[in-house]
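Shared chain: chain A. Partners: chain B in the first complex, chain C in the second.
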Partner chain A sequence: MKYLVKKVITLIMTLFLVSVAAFLAFQIIPGDVVASILGMEATPEREEQLREELGLNDPPVERYFNWMTGVLRGDLGVSYRYSKNMNEMMPVAELIGDKLPVTLMLAFVSLILIIVISIPLGVWWAKSGSHVLDAVLGVATQTAMAVPSFFLGILVTYLFGIVLKLFTPGGYVSYREDFAGFLGYLLFPALSVAIPKIAMTARFLRNSMLTEFGSDYVRTAYSKGCSRRRVMYRHVLKNSMMPVVTFLGMIIAEIVAGSIVVEQVFGLPGIGRLLISSINNRDLPVVEILILYITFVVIFVYFLVDILYRVIDPRISEV
Partner chain B sequence: MKKKLLSLFFAALLTMAVLGGCGTDGTGESSGNNSSNDLSGSEPAYGGSVVVGIQQDIDSLDPHKATSAGTKEILFNIFEGLVKPDENGNLINAVASDHTISQDGLVYTFTLRDNVKFHNGSTVTAEDVKYSLERVSGILDGTALISTLSSAKGGIQKVDILDEKTVQVTVGSANTELIYSFVAAIIPKGSGEEAAASPVGTGPFSYVSYKPQEGIVLAKNPEYWQAGLPYLDEVNFKIVGSAETALMELQGGTIGIYAYLTDSQAQVLKSGGNFSVEASPSNVVQALFLNNAEKPLDNVKVRQAICYALDKEEIDDFVGGGTGAYISSAMLPTLTDYYVDLNATYGNKANQEKAKELLKEAGYPDGFDLTITIPSNYEFHMQTGQVVVEQLKAVGINATIQAVDWNTWYNDAYVGRKYTATISGITCDLTPGYLLNRFQAASNKNFINYANTQYDELYLKAQAELDLKKKADYYKQLQTLLCDEAGTAFLQVPANMTAISKDLAGYKFYPVYVQDMSTVYYVKK
Partner chain C sequence: MIKIDDLSVAFDGTEVVKHVSLELRDGEILGVVGESGSGKSVTALTLMGLTAETARLTTGRILFDDVVLQEAGKARDKALYREYQGVRMSMVFQEPMTSLNPTQRVGRQVEEMLKLHTKLTAEEIRRKVLETFESVGLRDVEKVYAGYPHQLSGGMRQRVMIAMAVILHPRLIVADEPTTALDVTVQNQIIELLQEINQKQNNAILFITHDLNLARRICHRVAVMKDGRVVEAGRTEDVFSHPREEYTRRLIEAVPSRMKCRRAASARGSAEGRPAGAQSAERQPAGGQSAEGQPAGGQGAEGRAARLERSAEPIVRVKDLSVFYKDGSNSLLSRKKKRCVVEGASFEIYPGESLGLVGESGCGKTSLSRALLGMNRQVQGEIMQRTIRPQMIFQDPYSSLNPAKTIGWLLQEPLRAAGALDRTLAMTKEDMEAAAYDMLHRVGMDDRYFHRKPSQLSGGQRQRISIGQALITGPGFIIADEPVSALDVTIQAQIMELMQKLQQEMNLSYLFISHDINVVYHMCDRIMVMKEGKIIEIGETEEIYNHPKEEYTKLLLCGSGG
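Up next is the complex of A and B:
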């Protein structure tokens, strides 16, 4: 219980500090949203008019506190840049609410791909003991890890989209209209996010398993008369999963970061694309909420990993 | 930044290598005189819908408040003014069927066209015209929305309805270029408040829906006054994620028209076969802008040396595949009546001897350090920067590129004028004096800090001149002055590279940013 309270307090403090940092950053970097909206041909009068409309002329501290009290009351504010119907500004909650499912599904599908492919691959690799396979997989995974997801996205688009015509590049279908079509399209960006992570996880699992193979308990298990199969899956794999779970937890944070880039390549209207354009547009209310959200996800996932540890290895909670 | 550039480069290289087999000739033939992509013998079919790729989000759907070029090129399809531009850069009558301007240039009389209908079904009346003009000029509520028409600045003073079909506009000062401002949209009387939420105009297409970051959908206006237009039932302007994804989406078939290809993308698409790629002159003047108030650029000889050091041909070959038009002053070559070719002054090729000599005379025999600030979202300007740096190094000027994001550039360099040199583009509308206007010492757009009383006096004379021939003469003198004094190092008017699906025809190229979809049609098979 004490543990939980401590975690929650840390979470709140971190979120607060992150929001202040983002706000300060926006005070320092040059330019404001008005320039982004109106472009180079704007007249100073029109710029001033818009600045007044958006409330940008209020003192910064006042703006921050207004925003924060709003957030505490559950009101996430309105975007500076996007309007709902061009007359009233778009509420941030609505703007993000529309795009969040896309990013969450992308992360989810990527994670499923990673788990489903990397674990069997890692186990098979550790088991085989073939030097040729070692060399081939070693080079292949090393390469896959080295390629940035941006570039991988372009390769995937080219190979699956233009050569094999398995999907239409840019032909994103909204999840509201056709969920199956949406998933089908999402598979390819997810693949671009997943490939480097699959390589990492598989290598990690293999190394972890090879280390465990040398342990005393493995010898004991064999001498007890366990089959190789049983040793493999009941003992070694279970113990090897500990570091892999930590690793997967860390990967989730990276998937969020990776999807930001990949969304650009595949034209997915998710929060990654929104974040980048909002930073370029100096759309502070949107950026604040997105940063808070990402921070929250990362901390929350680490928290879950922590809990999962205790489930896999009961010794931790005793300490 | 470097990393990103590199990966972009490799990406482009890879797609090019795989698709084109590296066999592209790289010349990029220009079709400057061809103002539409009519395929000979192609028969237009009515109906169908087209997805047009656009780069920027909309800034406002209120036609009087919309400011960015990316928004105006779309609104062109929804709204019309009393007059509107055609593909040759001339004004044609739109909501008005005729107009006359009094001898003294102070009274404009517009005759309204019969039976022009708004998208809401009502017929355009003189009341609607009066309301629209009073709204943009600030007579209505004190805030002028279009500064050239502003009643406070000598624009529209009063609008009188002479009869049902005739509207008379009185302006404060004579200006032969004011007629270009009457492209201001005509909207229904009293609709200003809702103009942004539910835009209603008289254009060939009516507004259907808008989604932030996704795009805007328009539908055919069946009652459009130009008989037989438009052909398409629906046009979807879709915001593409980035220039790279645009290419993928073209190849994948999700977008049918895209007007912002880079040279390498154009080469890739040309070899693909599904698109025709056309180059047409843009309305952007690209230059290495020099801050006249910064040392050592405050010395005219230094600025001239830079002009001599630059090789316009090399730059254009590298970034535009040879499709740009070289310029040496602030006028679009497409405005033929006003343009004077001054490229002989510094030459299209580099003259390094002359540049070094001038530097020596100016007291910089060993050159100097020069920082060139460039908005990094413009791949085109970034690439130009790389060539310019090398050319300046050849005469001893040690130039470096400082890449900044657009907002920083706008705020610090353009508005704040805190920069030494920058590569960027300035856009022009159809008003011939538009670009020259900003180089007056007092202009708030004079971000190069050019200060020359002779220029200012000449500009005022040109402004007041009612005789178009004399006016053109003044403009030519202004261009010459700006060029001789090397106010800034002008480079080129880049070509717009547009990809159009081979299923489509009738796309017209305008000398201003306009995507006219009314004449586009599917070719009958």
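Up next is the complex of A and C:
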């Protein structure tokens, strides 16, 4: 319990510091938001009017405070760039709320692929002991890790979209219309995200298991008359999961924060694309909220990993 | 029952066990003694079928009741071995800390034996495990059963290992240094437990150890191994009292045994009654003799006699020293609790004196020495030192030397550090190099080693370098934390001899920390016994040995089995 309280306080403090930093950074970066919003239509009067409207004339501390209280009340502000219709500005919450499920589902499908494929692959690899397999998997995983993700995306598009015609490249089905179709569509981007991570995780698990095989407790298990198979699944697997869990945590944090390149290649309307366009457009309210979101996700996933550690390894003190 | 016949084992073409033949009958304890690298562990692991895939039998075979378990030229039959492992032969390993699976409950790990080899129901299995736990002297068996290995002490873990080994009443138990990693008092209990099991269940024990005293105490027969060969084997008493081989004799002599020291002490005892003047005259030559580097053995008691000049001012005086540690992690929420690890320690160390510090792990020995070095600032009380920064010799010569640097660099490092701290002590490069060469000679090594890396040195040589490092800044006071416990007996003797020689040459004072009471006896003028952070007894070595006041000291003394 005490542990939980500690973790939550750390989370809050980190978010606070990041929010200050995000806010400050965009005060310092040159470029006038108002001029950029109005573009060609800018006149000094309209600029002044918009400034007042957006509260940009208030002193920074007050503006930070207003923004923060808004965020805490669930009002994330409005986008400078997008508008709902001619008269209404687009709330950031709505903007992100629309894109978030895409990214989350992409992350989820990728993660399932990673876990379902990499763990059996790693175990099988560690178990085989065949030199041929070692060499083949070694080269294969090395290649998968090294290929840049945009290129992998193009390859997947080509293979599954153009040659096998399993999906329409460039097409997209919204989750609002057809959830099954949406999932089916996500499978291929998720594959592009997952392939390098599968290679890394499988290598990691294999190395970890081979290291564990040299441990004293493994010798003890053999001395009891355990078969290699039993030693593998009953003793070694759990102990070698520790580094893998750390690694998976890092991967999850990375893909939940948005796979910018893959979203771009497959034309997915996710968080990653939104982030890029918002930064280009100086759509600061959106960027700031996205920064907070990513920070939160990373810390939260690490928190989950920490809990998982405690489940796997009793030596780490109980929650 | 067990017959190892002309066994040779090779790893990648190098033979580490050469033509070893051993026999073991039911109910017999056979000791295999030897120094590290003598092939004793490999022999045991081969017998158990636990060597790595890369190990090959080049000659010979292993028989269990006339069934061939392994034979040269044939791959190990794993399925056959699994019928024997656990059921008919089981093993207790050296490291109870790492030999149990850290992420599995202890009960389940012992149960696995029964699940693998019997058809008992879950309830029967559980009962049997609890019974066995009780029979090996574990208390709170339910708690142990449900606990994880890290929640148990080293001794308890070793009992669990033994419970696991005996639960199916195997006819052979292989015990590979089962007590080496344990504290002396616990060592004693584990040995008694093994003896008891041997007598009750009449199973044979193959007992592997480097500790000759221990082998002498419990084994019916012993085999001495060296460089992969059995050099001598026979009934324990025959081997120890009439060793036929030169090597066996050397091994026995190298052990700092109390019995031998006693003899020396009683020889000296006749001088004790004379007037003080005559006494010191009597002692002078004895001291000179040991300085010349007489072979290691019983000279400890004589050698120390010359050094006792208690009239001088103490070089270190510790008064009412308490050492604390901050408990818990760094946290803003919980206030740091101070834990007292050393409580009210007071003692003095005189120039040229060796003060022994004994006690079991966790008693505060290391904390005390760290406080003396100034490495722990959480202290209360007074430390007065009449010397420059004391230096330390560490236990593990393998990990305490930076592997990336040359020996010459390592020897100069303390000088550089001293120069950086205090400008007036800074030396020129040439001077430092000369000092390093000089020190290399003093610790008994030649110029060739100057440009080598620690990895090219043996354990004993590394420990010589550690000693050189400690001495090079010329401190009068050295703390030696278990300086010989990671070394083989013959090397131990050499290092102790070197330390005594240097002590005489440079008039050094040692605080000599050790768990091995025989080593302390050999090295020290006075002994200090610590228990749970307190110094419970301090006095002349002979006094402590012959008339220990505290019950705990007696326990420590008899635990060492000299």
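Convention: the second predicted complex is superposed on the first by the 283 of 319 C-alpha atoms of A that agree within 3 Å, B and C clash if a C-alpha of one lies under 4 Å from a C-alpha of the other, contacts with A are read in each partner's own complex, and residues count from 1 in each chain.
In this text, a residue touches a chain if its C-beta (ideal position, glycine included) is under 8 Å from a C-beta of that chain, and two chains touch if they have at least 3 such contacts.
In this text, all values refer to a predicted model and were calculated from it rather than measured experimentally.
In the superposition on chain A, A:Ala35 contacts chain B only, with no contact to chain C. Of the two partner chains placed by the overlay, only chain B lies in contact with A:Gly161; chain C stays clear of it. For chain A, the partner with contacts to more residues, out of chain B and chain C, is B.
Look at A:Val265: by the touch rule set out above, it reaches chain B but stays clear of chain C.
Contacts of A:Gly225 after superposition: chain C is touched, whereas chain B is not reached.
Looking at the shared chain after the overlay, A:Tyr217 reaches chain C, while chain B stays out of its contact range.
Listing the residues of chain B that touch chain A in their complex gives 7, 10-11, 14-15, 18, 57-62, 65, 67-70, 143-145, 147, 194, 196-199, 210, 212-214, 240-242, 244-245, 248-249, 251-255, 377, 405-408, 410-412, 414-416, 426-427, 444. Touching chain C in their complex are the following residues of chain A: 2, 5-6, 9, 215-217, 219-228, 230, 234-235, 238-239, 312-315. By the touch rule above, chain A contacts chain B in their complex via residues 29-32, 35-46, 49, 79, 81-83, 85-87, 90, 95, 148, 150-151, 154, 157-158, 161-162, 168-171, 263-267, 269, 273-274, 277, 280-282.
The residues of chain C lying in touch with chain A in their complex are 48-50, 78, 81-87, 90-91, 93, 95, 98-104, 112-113, 116-117, 148, 150, 161, 164, 331-334.
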